[in-house]
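My questions will all concern the structure given below.
The chains carry the letters A, B and C, assigned in the order they are written, with residues numbered from 1 in each.
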Amino acid sequence: MNLINFKGKDIISITELSKEEIDFILEYTKKFENLEECNLLNGKVMASLFMEPSTRTRFSFDSAMKQLGGNVLSFSDPDVTSLAKGETLWDSIKMVERYSDVIVIRHKLEGTARLAAEAANVPVINAGDGTNQHPTQTLLDMYTIKKEFGRLDGLNVGLIGDLKLGRTVHSLASALALYNCNLFFINVGNLEMPRYVLEVLDERKAKYEKHNFLDLQKIIPKLDVMYITRVQRERFPDTPDGAYDYEKIKSIYVLNKKILKDAKPSLRIMHPLPRINEISKELDDTKYALYFEQAKNGVTVRKALLALVLGAKNE
Amino acid sequence: MNLINFKGKDIISITELSKEEIDFILEYTKKFENLEECNLLNGKVMASLFMEPSTRTRFSFDSAMKQLGGNVLSFSDPDVTSLAKGETLWDSIKMVERYSDVIVIRHKLEGTARLAAEAANVPVINAGDGTNQHPTQTLLDMYTIKKEFGRLDGLNVGLIGDLKLGRTVHSLASALALYNCNLFFINVGNLEMPRYVLEVLDERKAKYEKHNFLDLQKIIPKLDVMYITRVQRERFPDTPDGAYDYEKIKSIYVLNKKILKDAKPSLRIMHPLPRINEISKELDDTKYALYFEQAKNGVTVRKALLALVLGAKNE
Amino acid sequence: MNLINFKGKDIISITELSKEEIDFILEYTKKFENLEECNLLNGKVMASLFMEPSTRTRFSFDSAMKQLGGNVLSFSDPDVTSLAKGETLWDSIKMVERYSDVIVIRHKLEGTARLAAEAANVPVINAGDGTNQHPTQTLLDMYTIKKEFGRLDGLNVGLIGDLKLGRTVHSLASALALYNCNLFFINVGNLEMPRYVLEVLDERKAKYEKHNFLDLQKIIPKLDVMYITRVQRERFPDTPDGAYDYEKIKSIYVLNKKILKDAKPSLRIMHPLPRINEISKELDDTKYALYFEQAKNGVTVRKALLALVLGAKNE
């Protein structure tokens, strides 16, 4: 494996990573599978700045850092911080970088992670900025697929649900476009994959088909992976109409055993979680369910990324 | 000491533990007294899910885990978590178990810990579910008594205060019933020990007497232990009447030196804390006061429990 | 260096520390510069009780403790704690001391840290109590000046901004009075240095001049250090007039390159942060800017203090 040096680098957007770099990260992550007691990042401090609710991602980064022997400074509630004193994000970051070796940031506004990376001299990892980017989610999704199928190339991957507002599916589609996958976009309601994502895919010569949710049953037999997303209430505009549309859409799709009757035995279902009711609990204990395993892989991938940007030696 | 294997077991309810198991835990806890720097749980992760306010218990578990070299993932405010995104507790637990080796959960609803234990493959410790159970509190109470008196059998133990809604006294009474104690129930107002607790006691052939608060003075000379509880505002129904009753009851009992004038010199006063005004501060520095020591013993007992369910070797 | 024994001591007020003690702390702090991986405080637990918002100070203490190998129990939101159950601070401290080896406390009410120190048998460090004291801020300010200039004696130090309500400048002035500095007080609006601070200075035979903000330009050429503070909205009385005054005052001073045109090249600008708009961002990358470095020094000073009060051997 060619060693690529990530020391000190920011991880802001999946589209900035080359295929070679993604391959390297996915390969390097394997070293962190089933790692017992480890002091790789002893004495290192990760600042965890979550200015938007996200237990899952925060827990995952915390767990990764602590299991590698590192320390975590947590900052999870914007109201109990000096942001309440009128300080700018820029100054907050200039301060936090004095206390830490790496900064993990989530914010509800697009572009925040980029701004933080400009302010900080220590590496910054984007843990989600609004509807924009969530690169570590994409890397863990890809790692999960590769671990399960042994490859990324040539798979038939269905992306299902809210394709308009879900950053997860935008990033995943863009990244899979580097790997000669066949993508099937199956949107709910009129929540279609937006133009600017399709432009990236076209540029990368991705193969994709667009379908309506009503065609789902017909397409399932072709699929190796079904990647479901929830309809995210918090991404809807804060209007009575937004609320109305949300309630309507939320109730129309639930994946269950009946719908999967013609699926390949090797089909795997993924979901970035939390789910609401998109996947019936009756699927949880089937071989199809890969969604809880995804969560576990998230810790492993984040361990690898923290080790990489902190320049840890792990031969 | 016969080694009982607790590895992977859930600790949900005190009534599920046999006398032999309780004896074993209390004996095993001694190993954790005055333990200096320790790496017993290095690399292990405890998820601390407190969905109801409780500094004391949360601190105690955190301290126990960290002092044994383990890591803690904290989740203390339900509003800043993905529960806000409509996820079910079941899914939250399925996720959290991927990040952790043991889950400690507190919730305001009865039965939550049991549900969590069913969802999780890692051991779950109940840190209090509503008015239902709080088994580690009971174990630390028993450990405190045994440490002080050298035994549990044959003691005269008074349980005083709100005996109707306080889970602490319910659990303690049930557990002491295994040890041939003489129990004195002294309730405030009409907050009597409920029928379902008395049924457990009867089944276990416990010896108990029921008294009104007005008899307190008369009974004190007999007691070895007075276990006081506060009247818990947050357990009262949220009605104007509830509030009214609470205020009335809160003000009528305060334990002080005068009331204790005929007590045995060996009497010890316990309280699960926080107190409001049930115990006068003038007793804090007397030999009677055991309540702050209880808090300290809580950390020791929780160390033992964490080590046990995580299968740590500690010979 | 004469070893002064701080083991078990509380750090409540800067005015209680003698010049000899301050000198010792500042000298001892040097040992903690550029300290790599360290186990000095392994197994020790710091309780971090922040009952008033303060990311900066909390992060700084957390970082210090964790980088020395110690553990932190955090308590940052008063609403999710048993304080909500009506417990007194006294009892909270009596409880917390059972779980920890040192307590760091911030509270919005004056005198709280002193009360905590009386309740606790473990050492207590005041991380700010209302408008009263914030001794570790003063120590880090002094350490920053001494590190930059090699000395404290004989410097011309300007304290600029809200001198009436800012505890930072009160404490710093009192402490610098021990070192034969020339102090220049330049207040904004009518926010003058209060009488009780001037009394301490007079007693210590400090040399100081009082100026209005309009004289700033004239005084700048004399200064070695400009210590700016923000006008703290949260310290203003909660009245319409308070709000009005605040808005008026906030907007009238912004330090920028133009104002500094006649400054000494060796001038250094300090600020306890967060700033609002008192210092233009155009100064951030100049040699004058020492304010972010201050934040970093804060961690170093707090490491030294924690090691001292915990009696760690660090030869």
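FYI, a contact is a pair of C-beta atoms (placed from the backbone, for glycine too) under 8 Å apart; a residue touches a chain by one contact, two chains touch by 3 or more.
This structure is a prediction, so every number in the text was calculated from the model and none was measured.
**Student:** Through what angle, between 0 and 180°, must chain A be rotated so its C-alpha atoms fit those of chain B, rounded to a multiple of 5?
**Tutor:** Going from chain A to chain B via C-alpha fit gives 120 degrees.
**Student:** Residue numbers at the chain A-chain C interface: does the shared fraction exceed half, giving same, or fall under half, giving different?
**Tutor:** Both copies, chain A as well as chain C, present different residues to each other, with under half of the numbers appearing on both sides.
**Student:** Where the CA atoms of chain A average out and where those of chain C average out, how many Å apart are those spots?
**Tutor:** Those two chain centres are 40 Å apart.
**Student:** Could you pull out the residues of chain B that touch at least 2 other chains?
**Tutor:** Chain B, residues with two or more chain partners: 74, 77.
**Student:** Which of the residues in chain B come into contact with chain C in the complex?
**Tutor:** Interface residues on chain B, with respect to chain C: 36-38, 50, 53-56, 59-60, 62-63, 66-67, 74, 76-77, 230, 232-234, 273-276, 281, 284, 292-293, 295-296, 298-299.
**Student:** Going by the contact rule at the top, pick out the chain B residues touching chain A in the complex.
**Tutor:** 42-43, 45, 47, 71, 73-75, 77, 79-87, 90-92, 94-96, 98-100
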